[in-house]
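For reference, chains read A, B, C, D, E, F, G and H in written order, and residue numbers begin at 1 within each chain.
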Amino acid sequence: MSEFRLDWERAGRTGTSEAVLCEPKSAAQIGAIIAHATELGQRLLLTRLGPRKFSRLPAPARDALDYDEATRTAILGGLPAARGTGRVAIVCGGTSDLAVAREAARTLAFEGERATLLADVGVAGLWRLMERLDDIRRHRVVIAVAGMEGALFSVLAGLVPCAVIAVPTSIGYGVAEGGRTALNAALASCASGLAVVNIDNGFGAAHAALRILGENPPRPA
Amino acid sequence: MSEFRLDWERAGRTGTSEAVLCEPKSAAQIGAIIAHATELGQRLLLTRLGPRKFSRLPAPARDALDYDEATRTAILGGLPAARGTGRVAIVCGGTSDLAVAREAARTLAFEGERATLLADVGVAGLWRLMERLDDIRRHRVVIAVAGMEGALFSVLAGLVPCAVIAVPTSIGYGVAEGGRTALNAALASCASGLAVVNIDNGFGAAHAALRILGENPPRPA
Amino acid sequence: MSEFRLDWERAGRTGTSEAVLCEPKSAAQIGAIIAHATELGQRLLLTRLGPRKFSRLPAPARDALDYDEATRTAILGGLPAARGTGRVAIVCGGTSDLAVAREAARTLAFEGERATLLADVGVAGLWRLMERLDDIRRHRVVIAVAGMEGALFSVLAGLVPCAVIAVPTSIGYGVAEGGRTALNAALASCASGLAVVNIDNGFGAAHAALRILGENPPRPA
Amino acid sequence: MSEFRLDWERAGRTGTSEAVLCEPKSAAQIGAIIAHATELGQRLLLTRLGPRKFSRLPAPARDALDYDEATRTAILGGLPAARGTGRVAIVCGGTSDLAVAREAARTLAFEGERATLLADVGVAGLWRLMERLDDIRRHRVVIAVAGMEGALFSVLAGLVPCAVIAVPTSIGYGVAEGGRTALNAALASCASGLAVVNIDNGFGAAHAALRILGENPPRPA
Amino acid sequence: MSEFRLDWERAGRTGTSEAVLCEPKSAAQIGAIIAHATELGQRLLLTRLGPRKFSRLPAPARDALDYDEATRTAILGGLPAARGTGRVAIVCGGTSDLAVAREAARTLAFEGERATLLADVGVAGLWRLMERLDDIRRHRVVIAVAGMEGALFSVLAGLVPCAVIAVPTSIGYGVAEGGRTALNAALASCASGLAVVNIDNGFGAAHAALRILGENPPRPA
Amino acid sequence: MSEFRLDWERAGRTGTSEAVLCEPKSAAQIGAIIAHATELGQRLLLTRLGPRKFSRLPAPARDALDYDEATRTAILGGLPAARGTGRVAIVCGGTSDLAVAREAARTLAFEGERATLLADVGVAGLWRLMERLDDIRRHRVVIAVAGMEGALFSVLAGLVPCAVIAVPTSIGYGVAEGGRTALNAALASCASGLAVVNIDNGFGAAHAALRILGENPPRPA
Amino acid sequence: MSEFRLDWERAGRTGTSEAVLCEPKSAAQIGAIIAHATELGQRLLLTRLGPRKFSRLPAPARDALDYDEATRTAILGGLPAARGTGRVAIVCGGTSDLAVAREAARTLAFEGERATLLADVGVAGLWRLMERLDDIRRHRVVIAVAGMEGALFSVLAGLVPCAVIAVPTSIGYGVAEGGRTALNAALASCASGLAVVNIDNGFGAAHAALRILGENPPRPA
Amino acid sequence: MSEFRLDWERAGRTGTSEAVLCEPKSAAQIGAIIAHATELGQRLLLTRLGPRKFSRLPAPARDALDYDEATRTAILGGLPAARGTGRVAIVCGGTSDLAVAREAARTLAFEGERATLLADVGVAGLWRLMERLDDIRRHRVVIAVAGMEGALFSVLAGLVPCAVIAVPTSIGYGVAEGGRTALNAALASCASGLAVVNIDNGFGAAHAALRILGENPPRPA
């Protein structure tokens, strides 16, 4: 019990709810956090919760969660009604980056924001991106998700005036392994004004979008 | 002449004017760009223009520029009237990071945005940051500038709900040399929703802020 | 037998007992070391002993050990009476860094020092750290344990006058993976006088604390 | 004299003439090589010959060379008549990458190949590339030169069927400094079939193009 | 279904067919792609499809594929008649690099090109390479595959006038682990005109060869 | 004026006085800081102040400083009477590391601590270290300064029971260039309980020593 | 069969027999090599042959081999009579580095050289090394094996006049993980004349020793 | 005076005389060392002594030295009569690596060993190496000096049975900059038994050769 003390006041301070990064925690620790939140009636978003660790959670914890294996996210306490819709577009090049793109979408949904997901707009076939450009420009924030060489970030930011958040992914091999190449490409982009988050950090991109939308003014916890 | 072809239509596409990164260009190339812009009556922001290269520009180019050595920026065609004020705060820990902080401020001013500069809020003396917190929270976007270990990014993002753009600087020595440590600290922050730009990229942070403010809708070139 | 020759005289020379780093050793090698120590009546601390390797130790060895899976440490010969109490505080940000924090606590206990563990004082929610500050300042040595961007090290060292030992952990992903980001943040801290040990090295931090306390003068082996 | 022994038979073996990388050699060494080649009546291409080192060459050597400061190349023995024209296009994003692009053009010219140089086709303003696409596709080999994040490589290779040789440049700062980011982007490109050479290696790209054109069959030395 | 949208028009644009990188995709995603291609009657090359993931594909997908475990490639729709033969030589030093060499051969075969495979020409025993030199020189393109220190690339490119594509492999340990040493050796080669692809990228080398052969002019999709 | 706001209260909080890292600051900025401190009657330690920058300070600032070129440190307001003597030993291998060793000694002296400097105890000639061992062991804290491979840290920490602070230096070339090799050697030492500071950070080592000595309890500013 | 072509003439050229690096080869490939060597009556040394891969070899291959799991080496054709004894000492710090030390010993034995193994001479307890010094100095070549910070290399080379070959090992965690720290320490040693081989390369150290002993003059294959 | 204490007994311990690495030392420090050695009548080898620092030495020191600018070495006390000749061959690829090759030759000469220098045997033109092979094989030790991709090391070690010491140099640009690529190539060589020293360390290679020759038994200092 004394091992954790969640930051339930965070919403009042930074506008977003508490989330739990599960990767470095044991199943026992995660189970205890869920039990504690349940007791307090708090909603909770869990990220990077792999299927093996999920299966080792206590049964009541497992039952209480809305778990999505592909994104390794789980939600306790359900989704709120949508506060906003159509303000955030999530763009990625293909099937490989979808898990991270959807982690962002789930995180936004957990905070009441419904995003548009565009999953077929890679740079190798530029016309697919061009066809969707008018659609993308209608959003206030674009979250771009790409691995390998991350050329999507520059192409996109050169074509739209919206806030663009780049999420480099660890998709790729050889020099692309681990995502550093895509990350550096986003940071070094010749298209100005790109904002970048950590590799595979769909969760962080969603939070950056929420900060931008200004939908996180101090609210009662 | 055929060597460059500036992107004057950029404003209509992404909402920000053309800028010239001077570091990799020769004085002759920069002089030709300025002459060309002058001929067309275009305003121009020049970044990373060191004092030695500035002094080697043709005299008419030098005279036409508003040059600021500390930030290594120059402006051709003067500043526009302020479109917005008090929406962007630029925060840095001390005198060492000021050059980058002011590059951001100059870039914003070039696009008509007047930023608030807070230059004494480092983490080693936390009370200085605390005193200014209410002031900082009043802004829609906070640009945080820090070198060395970049702890400022996490502390700040944990305390304010605004959009926070982290600009790591190359200030530091040993493991901090070159800015990678501050950059990685910003990307790996435990405070969620930080948006990061390249090392020493005050210019890029300003452009990210402009995209966030939505003050870059298509305008006539 | 001829494969190892433990340094039983170490206590007389540097003030701390022999310890065995188990990760690179085979179960057979560890078993032989335990048998040898048992024969000599020597106490022994084993670190980085994973549960699989522990389960492959000979049964008598397993029975003789006080094994703690979470910290991957085992103690042969029991804990001594406490020589000192309340002189070392171990501080970490949350549940993820607890294993390393407790490795430090176990190592101190093995040498007769009882440490205070404070496990809920991360930087993202700064008030949790502030509440505990007076308590922390009462100790002569503070061991700070943090992963990700390691901002805790700077914040803490800027607030307390005690000796502060930073233990960066490998907790984190993307650019934080492996712990280099937290390590570099500790080394590059703007708060002066931080002393740093290797990534995940709770054991080493405890030994550094013992050296500082001066509780390791030459004693009979 | 005994210090060097040029490989005049190289043309007969690999189809390209001897070239001298000047950066690591002293002015005295370079002067001796030029004198030796002059004596033998051999043509010579010198690369990475900075203006300071050029000015320290013996006067007769300086007079015998066709020196181009911008590309740091010098030619001894003049250019041959063009063997081929319009088969190689050299494409770069702007003024900053021109020096490397022209090193490639000079190297090709030294071997009798006249290349087309297209210098205004960066990715941040995609329409500039699109306008030139039909022109580019008419060539058998495209040498693409780009620094910073190197998105040009992927965009171009996704649009043309020709052989594409990527030359990453060291243009950029922060994470782009030194050219590794552009290099890795070229190697990790999602557009398949890109061939990559070392950072800033316009010379090597030209030689790769010559190998591809098959215009380097064994000829008399 | 809406998750992917393959680029069937690629052949018309860049001359090579669609391929699927399987490593970052789930078995479900790959199965859906195969089903979709089958429906459209499209041929498909799948790369980096490990045996475990292959075994988890739906049975009809598995049955439809010509799977080769050693190269982790699968072909849907069979091989076309050979368009070209004897124009590409694939050279590697030994048994360890064969998997990558054969991935290149399979990719070429999928596009109708039959390559010559020479698998016993390492540098440590130089005579083996020398014996084969006349044979190698008869080809227009040489794909050289090597791990460890990659000396083969320089030796080979210094001896033949053909286009040489270097494929560094991840074979090796210590400083060679992961393939960076071989990659850098290829890029830094003292033999000019080497063209390099990503580590272990036999697929990309084959596509580069096809671009060079000019056998990828626009064809009907 | 508004550019800086020194942390004069630091002594009350962490026990050590304000210091100024001069490397990233302009001469004008440093001059202003000195003027400000002079006005307030505050003592000041300036580090990493190279001779060129020192010579560009305003004459009154220069005159007020006790400048030491070898260590690039300057002291404003003189040294205090010694509070402690003979508690800290500073050990280094030879003439090359002396500048960093003396930066530590000057920093300690600025805070009233007189250290013992032992400058001839490298590892290549082990007997020199052995001769001094009894002398070294008499101190409570040992600051070890070493570059290249940093073997001194392990040898020393294996022989003495005191607190040992390792200061890796940037002395060395090839793989030792920049000091990372010595830094990593200190962190990975097989001798337990070493505390490490940033490369070339003699200042930080001195502050760590002061924290350890407990001579920095809250005092009036 | 056509997949490999061993270099049986190697002994005549470089004085050492053919060896097979098993890690990157499949069990089928290794089995074929053993069958081929058996047929030709050739002896063979196999390195980096893990127990799982060994167990998957064809039964006749397994039976023909003298396999040692701890060093992951296997010998086909038995050991020759000793040509030399007592000329090579292999020194390591403890149990963790023994596997690599013994790989060197086995490789030497395979070539007829009997080495002396000293396994308890780490730097943290320097007296253990000192006691053995006279013994070590009697050998012509010393192979030193160490991981972590590799201080053993410098200490040893500073004390003995023999040829010293450093084998860094991958033993260690945090900054020592993978062996780069020990490798760099060996290369940057302040003790001159150390010769270094790749991480964990006991095999290569043995071959270097054989070259030094001059016991590899051309012999009949 | 108390700043340094040279290790004049080194010859008696390791067989080689004291040498002074000048790069990290000030001209004043070097001058004092020379004066001290002169007083004692000791010979001295100085390495990495650049021309600017040499010119700042006190005149008597300058006059006493035999200085060679190309290798940045200086010798105090002249060369001894040759103890050995024709036992060490120094091989390098061309003019660029000569400075390092000659540093090795000067170091050997300082210890009484006359080496053979072969400076035209690069890998890009393999026949030049082949012509010299018989000559090279006559030596007991071969020092191979190469930058860029370092293919020379593997080719040479695959062809000769002698002890081969690889000296990677910092010659090269892009990925070869600084010499890490050549260093890693030497360490990862497929030709077994290569012994490697630090980048640009001709001095260290010479000392390794002396250890191998056994010409450094204890002698009177």
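Here, a residue touches a chain if its C-beta (ideal position, glycine included) is under 8 Å from a C-beta of that chain, and two chains touch if they have at least 3 such contacts.
Just so you know, these numbers come straight off a predicted model, no measurement behind them.
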{"item": "Shared interface partners, meaning chains that touch subunit A and subunit H", "value": "D, E"}
{"item": "Identified repeat of the E-H interface (over half of residue pairs identical), from A-E, A-C or B-C", "value": "B-C"}
{"item": "For subunit A paired with subunit D, centre-to-centre distance based on mean C-alpha positions, whole Å", "value": "43"}
{"item": "Whole-Å gap separating subunit B and subunit G, where each centre is the average of the chain's CA atoms", "value": "56"}
{"item": "Separation of subunit C from subunit F, taking each centre as the mean of its C-alpha atoms, in whole Å", "value": "27"}
{"item": "Residue list for subunit G, restricted to those that touch at least two other chains", "value": "13, 122, 124-125, 157-159, 172, 174-176, 180, 183, 187-188, 191-192, 198-199"}
{"item": "Complete list of chain pairs which touch one another", "value": "A-B, A-C, A-D, A-E, B-C, B-D, B-F, C-F, C-G, D-E, D-H, E-G, E-H, F-G, F-H, G-H"}
{"item": "Subunit C-touching residues of subunit A, taken from the complex the two chains share", "value": "2-5, 7, 9-10, 13, 21, 23-26, 29, 33, 48, 170, 178-180, 183, 198-201"}
{"item": "Residue ranges of subunit D in contact with subunit E within the complex", "value": "13-16, 19, 140, 157-165, 183, 187-188, 191-199, 203-204, 207-208, 210-212, 214, 216-218"}
{"item": "Touching residues (chain side subunit E, partner subunit H) in the complex", "value": "93, 122-126, 148-151, 153-155, 157-159, 172, 174-176, 180-192"}
{"item": "In the complex, subunit G residues that touch subunit C", "value": "70, 94-96, 98, 119-120, 122, 124-125, 127-128, 147, 171-177"}
